[in-house]
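Consider the two complexes below, in which chain A is the common component and chain B and chain C are the respective partners.
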Partner chain A sequence: MSSIVKNINLHLICASNLLPQKEMNNCFISTIEELNLKIVKNKLVFANGQSIKLTVGERIVLHTDSRQVESIQSQIDNIRNLFNKRATVAQKNYLNELNEQAVQSKRQSYDSIELQKLIDEIDKKKAESITASKIQQLPSCEALVEELKISAVNKGYEVIQTNVKDNIQLQFVRRQY
Partner chain B sequence: MITFNVHHIAHSSQIYGPGNRDVIWFKGCSIHCKGCINPHLWSFSVDNEISLEDLVGKLETNEITLLGGEPLDQIHILEFVSELKRKNFGIVLFTGYSLKTLNGAKLKAAKMCDVVISEPFDINKKDDSLYLRGSSNQVITLNSARYKDYKFLEKSEYELIVSDDLEFRGRKNIDFIEDLLK
Partner chain C sequence: MNDKIINVTVSKDSKIYLETENYKGEACVDAIKELFDSFFELDKLEHTSEFYEKDEELKIEVSLK
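Entry: the complex of A and B
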């Protein structure tokens, strides 16, 4: 038998790799403080007492149920918009920091192989952050799809995307060889 | 009137057999396998009763997969399968019954399906890597040549439909998606 779960409501607040974890958390904390929200035991609590599940890991995701979504949607949009403003500034600083790290690395007396490794690592972080920034600018639903695809591929799944009518359909396949 | 107790109908599914399929989850199951992923579909209480004609009318392809609950516990399953075969549908049936123990209308209905995945789910033999089966004791039986060219290769598959909200299908619960988003 096989399960079917309907009416799942997930909202992406921050894409993975946009910022270092600490910066992402700081941006989020200052966002919710400005909006007078609280975090209590992995739940985000709104001023009216409603609470929704919060996941903070490589990315930040809010989980609502279909009964909540209408009353909370505008507040979730507020969180995302304010977070995006803060994250945009934080990301600029982060990219500047990475550029500075690259300059500093070149000034150090590393051997050429070690230097190349460091530069490659910095370039990778920059590229990931820039990709994440593009995802971050997408509407929440599309951003969520992109994050799911990235994560699934990283976890060894083949992801097949098809568009059926107005819906996006993602198929996650792990083949046995 | 011939009616069915239907939990959900999905269209354009790719993970419940060959190709692009409609999928029906029936409600009601008398088997109650330990570790069943759908215990909420054991009850025979009727939430969504659909007539045979309407049920056939809701299908968008001529490829269908029957899930549950227990499809063979639907009183009129033989009439439904017969109607589908009359219209040349390809049918994949998931049943928790053992084909060896079936008789009467249930057996007739099962035999009319092109592919049958049978035997009760055994939690001690659970294996997520199997194609179309939840545990290694379950068996895929091909009753016709309709899918003879299709390779039933082992793989685990899940499906997420993104519209205004999300719909997840597969032999895992929503934790699968939540884990991906951690």
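Entry: the complex of A and C
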């Protein structure tokens, strides 16, 4: 072994590819506004002054120290639940938009190869969003595991999963030939 | 050649324990950052003795005919 990371808890708020980045950010901002939370630099600040780290990129993840997680867990659950409600509506709109884009593309006079390329891109976005929606509905821990696996596969790792008691063990392997 | 491995244990309360295998030196930090940069900002790492060893050098031999 060479390096170890421990004592952190990760809380997945939004799975990757559920929504376009702008819509994902809008849903998150309206969620934290409704809950009277603030973002200061890369931290989410609660009304009682507690703060946790926030990573917003292709997905949204909250990062707490294991020692503070108990006192803050219910608030994190509130964020996730409220975000999920907003994201469900936003995702329906997003899928409708994609369907509309497909219809519009067919109406326009693209050549058949170009049209097929557009339709394939739209179908890919729809499939990714539907898969992300299934991940989003999982309990936080399982959703996090699925997102870790997706990230690892996208970065060229082979994933081996084993479940031991209440823990999920993932082994990300980069083969050396 | 030893495969490069990152072991991740996720508990029910989403607690993460993460360790690298067969990496030496800064390569393990780079691997963790690459894999987890969209999940968290890496600020706390414990290093084992292997961290302070130099990573194996990649040697490529080319024979010109």
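As a convention for this text, the second predicted complex is superposed on the first by the 176 of 177 C-alpha atoms of A that agree within 3 Å, B and C clash if a C-alpha of one lies under 4 Å from a C-alpha of the other, contacts with A are read in each partner's own complex, and residues count from 1 in each chain.
Keep in mind that, in the parts below, a contact is a pair of C-beta atoms (placed from the backbone, for glycine too) under 8 Å apart; a residue touches a chain by one contact, two chains touch by 3 or more.
In this text the structure is predicted, and so the values were computed from the model without any measurement.
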Fit or clash - chain C, chain B, common chain A: clash
Which of chain B and chain C A:His63 touches, first, second, both or neither: both
Chain B versus chain C as contact partner of A:Phe172, first or second or both or neither: both
A:Val40 touches, of chain B and chain C: first, second, both or neither? neither
First (chain B), second (chain C), both or neither touched by A:Ile113: neither
Partner chain in contact with A:His11 - chain B first, chain C second, else both or neither: second
Chain B and chain C contact sites that coincide on chain A, given as residue numbers: 1-10, 12, 55, 57-59, 61, 63, 66, 69, 141, 144-145, 147-148, 151-152, 155, 166-176
Complex interface listing, chain B residues touching chain A: 7-8, 10-12, 14-16, 25, 33, 36-38, 67-69, 94, 96, 121, 129, 134, 153-163, 165-174, 177-178, 180-182
In the complex, chain A residues that touch chain C: 1-12, 16, 42, 53, 55, 57-59, 61, 63, 66, 69, 73, 140-141, 144-145, 147-148, 151-152, 155, 157, 166-177
Touching residues (chain side chain A, partner chain B) in the complex: 1-10, 12, 55, 57-59, 61, 63, 66, 69, 141, 144-145, 147-148, 151-152, 155, 160, 162, 164, 166-176
Chain A contact footprint on chain C (complex, rising order): 1-25, 28-29, 31-32, 34-42, 44-48, 50-51
